[in-house]
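Shared between the two complexes below is chain A, which pairs with chain B and chain C, respectively.
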Partner chain A sequence: MAKAATAPTTSRRIKLLGKHPIGIPFVAPYVAFLIVVFAYPLGLALYMSFHDYFFAAPGAIVERPFIGVDNYTQVLGDPVFRTALFNVVKFVIINVPLTVALALVLATALNRAIPFRTFFRASYYVPYVTASVAVVGIWLWLFAGDGLVNTILGPLAPDPPWLVNEAWALPIIALLVTWKQLGFYVLLYLAALQNVPNELYEAAKVDGAGAVRSFFAVTVPGVRSATTLVVILATIVGANFFTEPYLLTGGGGPNNASISPVLMMYREGIEQGNAGYAAAIGVILAIGVMTISLLNRYVLERD
Partner chain B sequence: MKARLRLVALGTALLALAAACGGDEAVDTEEAAQATGPIDIWYSDNPEEITWGKQAVEAWNADHPDEEVTGEKIPAGETSEEVIGAAIAAGNTPCLVFNTAPAAVPQFEKQGGLVALDDFPGAAEYIEGRSGDVAEQYKSPDGNYYQMPWKANPVMIFYNKKVFEKAGLDSENPPLATYDEFLQTAQTVIDKGGVEAAIWPAPSSEFFQSWFDYYPLFIAATDGQTALVEDGQAQFTSAEGIAVAEDFWAPMYEQGLAKRETYNGDAFADEKSAMAIVGPWAIAVYGEAIEWGVAPVPTADGISPEQTYTFSDEKSIGMYSACENRGTAWGFLKFATSKANDGKLLELTGQMPLRPDLTSTYADYFKKNPEYEVFADQAERTVEVPVVPNSIEMWQEFRDAYSSSVIFGKESPDEALTTAGKTIESLISEE
Partner chain C sequence: MSASVAAEDRSAAEDRRAEDRPPPRAQTGWGRYAALAGLTAGAVLFLFPFYYMIIGALQKSPNTDISGAFPQPGNLTFDNFVDINRAINLAGTLLSSVIFTGGVILATLVLGLLAGYALAQLEFRGKQLVFNAMLLLLIIPFMLLMIPLYVMIVRSYGLEDNYLGMILPFAVNPTAVFIFRQFFMQVPQDLFDSARIDGASELQILTKIAVPLAKPAILTAMIVTFIGPWNEFLWPFLITKQADMQPLAVALGSFISNVAGSVANPFGAILAGATVLAVPAVLAFLALQRHFVQSNLGSGVKG
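And then the complex of A and B:
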């Protein structure tokens, strides 16, 4: 009888705690970290996005009423947000293919026994570890009206200059981000290239394939899982660009031509005190990025 | 599996609950208003104001050992308003910030971050007694003072005399009074003065940039009778307001007399521009390196300097709600804005305490430093940013319309500002 009573209890415990409850203390620190750093802010962002929310002093009696989906309808109806979203699309279209192509080609070159290989590997990584503010300072100097690029181009320089030119401001930012992040992606591809068996290259050579054919027939499919990762990471980084329009184009200028959703979040949430509105932008952006990443994964990983 | 799902659901519900709650206990306002003891203050991070702040703190501490004041410069951030706003939300603001922008006061007030100074007996009389009629501009719509108007940097046109002379212009009385004269002079200094721009205000889209291009001229154009908005109505859509954009700044950008590109540095200091819109702080900054002259901001028909109004670029002192020893904070605030300490502020920073009759009150200083007299005189005729709800949002809306139409010429200034005016009227009517 006692046995019969114990069995369902044990079964319930197993259901609740799993077969090996000893694992719980081991994962608890990371779970706590996830809750504090990711889950709580995400929960708060969702809560804020459905309220007329603003940051208040602790203990201050303020009204932050529930407003349903008002923030979302306002954000989606805001022409500046639509411009910002379109800018993300333009940014990703320039940044992601360029990142994948350059990173893979450079990684393939750096994987070979070329002179000064270590020097080149370090050189491509330097922009990635350099502070964005310093990098932006250099690009400001390069692309100013009287900067180095225009001096070289002479009469071919665009008018108005790059950073105040509505057609060029965003592509320049996309190029800057591509260049700055490239070292990291080269590193990912270099790691992936170590797993491509040499025998495949030798077999390709025996079959008469040259360097280019080997690259497309062996290297590209061999690093496909790394390509998926690079595409997803580049998309996430791209969708969240902020520092560059904030510093390089004077706050998303000219005339919002380089504004990004994250810059809008900063303006609305921090500068103007509309934290609920900013949270709604954040939620929409997160859903968009997750959708694109899932699509990328589906397209790139299918057999 | 179902049990785990229930756990996840419970966790999510707890997170949402935790997100919805939170917050510490508020300071008891009645008790705090009487309380005395140590306090912290922040002052601006420029060297001159740090020197002033340190001497004021030392002088106070020498006489008040039980009410020690600890002063430090405001923590680094893109703007002071962001730093203060974050500190309000975190509940760790100091008692006093000697760098509170009037435009940010409505937002800080809404956050519950500011103390109404009227809580202290005789506060309104003290503020109005020190600053005179101009104090009225710093009252919040509820009739309380949430800021102590402190010091102004009335903006004027600074010009490089050598560049003007090189361009063949009269460097003592250059033709800068009317829009037409100014535009003609601007063209001449570019053609013959060896500069890239006649004037180079920041063309970027930050909400506060209009304070240093459009707004001073708008105030001058309206004879100081109105701020950007008044009684819930946009005033910049008036004929004078549109003319500032259409007849002055738009041609400046169209003709390349002002640049659409942000200058990476100080264009006036680097002699890339012949003029700048600045306050008296500029004397200490440019004084040694550049032979400068000063003129009031231009108006359509030109009015005498003695009648020209401008933007005050004022900074106030705010008392913040995290302060526990508000009795001491109020005592120090009065001490720091006393006649003697205002004199020290003038002497050490060149900035104008918000007092009437500066030149007679501090006659010795102006005798020794006559170059500051013109700014002291201008300080008598200034207009502030309006204290209205959603103030920063309002300025951003204005800046976006100005930037699109005046700087980049994408639409007509008249249409853009009229549309912005309607949006702004709706914004400032929201609580």
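And then the complex of A and C:
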């Protein structure tokens, strides 16, 4: 980038600070933000997770001794945590394949020359820009015992109703999140489809491939790196859900059937004041998410 | 908070090209009708809950029969809006939402433009380090930071029930920084260099040349940033105890979690609140959607 000739007197300064030292104060506030909101809390999370860190009355001086991996062994031995973790697995098993399949099919359809493209694209995005709290309000009504869904299903309606049914509470949450996020992934795929060369479709056509065949032979491999991204993002969302079990199923109910790790962190860390314990849950979960992301990348992108 | 950052780091110019290019397979025949039918079914699935929310918000007594999905003149009322307003003070909570969202947008624009411009157009020591550190820090999941941020902001800094504490973790939307950086990367450097030769300071170049040029990127960044705090539940929920500090999403969430019996038609009141919460975000998105789709979710996921 450096191309303008500079006076030799300033060359030492340039060597030390770069051609535009003003850039340093320009990025400084953002760097400060990153340190205060990301880097420092990251360190604090690790510190807390190895200490008996609890909330005391304001101003009280308390000891928060180092306790090694005690928080971690307690978390891993907690049956509620295992339920929460298993719920994430169930959530991801429902959410990820459905998201990938529906988003790719809808994006492929949207990528054709069809009327009302803008309308369709916008309508898929509407749930994504809507607050979870508002969406939960709508689903509470739709899936209530005497809600519209059960009215339509009639005798087929599950008993007890969806949101208080141990078998259905979590799948309903997974479906809600899939529905809410889908528009974002449709647009992601739509963008990726622009980079699949037209020649490949033409070649497939010449070889006698129909629409379905060319979808699987050209489209699916053509957007593979987008699929990696979709899987990783959907997994992260799956590990983070909180608002839905807190509000839709009355705090992770029934009987913890829809509890999530973040809801558990809220209960243990903030309601009960065992911040070290909750921090340990966060660390375990973050390590899990990052491992799965790397694994996805490796599996989906290898040749 | 910002899981989608990697997806956004891409060139807006390329997006525009991709968007304007005619869809690749403009063929006729049954495939086109199948696509249209699928997309229509999708649109109904995505839009019906919103329609149903507004219908439900206007019903005098909740009607969950199939007939209730259509407006019935005898069963229409605005009482639900009056009810929800009595329960959660819509004006106050909306004001709180506006302050929270406005503060985040303002901080994002000021700090984000400074950082985005510097990272794209200026040469200074540590630039690469800042950029790499930013990429690394942004993959940290929010759940890991939640408990330490709570400890810092509520316990250490005493910023409970304070807008500063509410805004701080969201202050600079990292996606917006990426959008700005991407935008300034494709502005020819000569443009800025000639201003430098004319004796303009970097701050003048930024405010007089770069920012006016970046209007499209600024609009995109504003809508991307807007939906974060406007829809956020967890963080403002954690740090507000006083009802008059709560943004609408939090107040409505609290109303949902301990609703029963306080109003005549709880579903109607919830849906009325959900309408007030959802409509501004949906309208903002629709107004800017053409723009948003183009620059935000362009062609970065390359095959």
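The definition used in the following text is that the second predicted complex is superposed on the first by the 263 of 303 C-alpha atoms of A that agree within 3 Å, B and C clash if a C-alpha of one lies under 4 Å from a C-alpha of the other, contacts with A are read in each partner's own complex, and residues count from 1 in each chain.
The rule we apply is simple: a residue touches a chain if its C-beta (ideal position, glycine included) is under 8 Å from a C-beta of that chain, and two chains touch if they have at least 3 such contacts.
Please read these numbers as outputs of a predicted model, since none were measured by experiment.
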Checklist entry - Once chain A from each complex is brought into register, does chain C clash with chain B or fit beside it? => result clash
Next on the checklist: After the superposition on A, what does A:Gly273 contact: first (chain B), second (chain C), both or neither?
Outcome noted: first
Checklist entry - Who does A:Pro261 touch here: chain B (first), chain C (second), both, or neither? => result second
Item to check | Touched partner set for A:Val62, first chain B, second chain C, both or neither | outcome: first
Checklist entry - After superposition on the shared chain, which partner residues are touched by A:Ile93: those of chain B (first), chain C (second), both, or neither? => result neither
Checklist entry - Which holds for A:Ile24: it touches chain B only (first), chain C only (second), both, or neither? => result second
Checklist entry - Does chain B (first) or chain C (second) touch A:Leu295, or do both, or does neither? => result neither
Checklist entry - Once the shared chain is lined up, is A:Arg12 touching chain B (first), chain C (second), both, or neither of them? => result first
Next on the checklist: After superposing on the shared chain, does chain C or chain B touch more chain A residues?
Outcome noted: C
Next on the checklist: One more residue to check, A:Gly250. First (chain B), second (chain C), both or neither?
Outcome noted: both
Checklist entry - Of the partners chain B and chain C, which touch A:Tyr125 in the superposed model: first, second, both, neither? => result second
Checklist entry - Common interface residues of chain A with chain B and chain C? => result 16, 39-40, 44, 48, 55, 58, 137, 140-141, 144, 146, 250-251, 270
Checklist entry - Where on chain A is chain B touching in the complex? => result 12, 15-16, 35, 39-40, 43-44, 46-48, 54-62, 80, 137, 140-141, 144-146, 160-161, 163-164, 166, 250-256, 267, 270-274
Item to check | Residue ranges of chain C touching chain A (in the complex, touch as defined) | outcome: 3-4, 6-7, 15, 18, 21-27, 31-32, 34-36, 38-39, 42-43, 45-47, 49-50, 52-53, 56, 62, 64-66, 68-69, 111-112, 114-115, 117-119, 122-127, 130, 133-134, 137-152, 155, 168-169, 171-172, 177, 189, 193, 201-203, 206, 227, 230-231, 233-234, 238, 249-250, 252-253, 256-257, 267, 270-271, 273-275, 277-278, 281-282, 284-286, 289-290, 293, 297-303
Next on the checklist: Using the touch definition from the top, list the residues of chain A that touch chain C in their complex.
Outcome noted: 1-2, 4, 16-24, 26-27, 29-31, 33-34, 36-42, 44-45, 48, 55, 58, 105-106, 108-127, 129-142, 144, 146-148, 150-152, 179, 182-184, 187-188, 190-196, 198, 201, 211, 222-226, 229, 233, 236-237, 239-240, 242-243, 246-247, 250-251, 261-262, 265-266, 269-270, 275, 278-279, 282-283, 285-286, 289-290, 293
Checklist entry - Given the complex with chain A, which residues does chain B contribute to the contact? => result 1-4, 7, 11-12, 15-16, 18-20, 23-27, 79, 81-82, 85-86, 88-91, 93, 107, 110-113, 196, 202-207, 259-262, 264, 321-322, 390, 392-393, 396, 400, 403-404, 407-408, 410
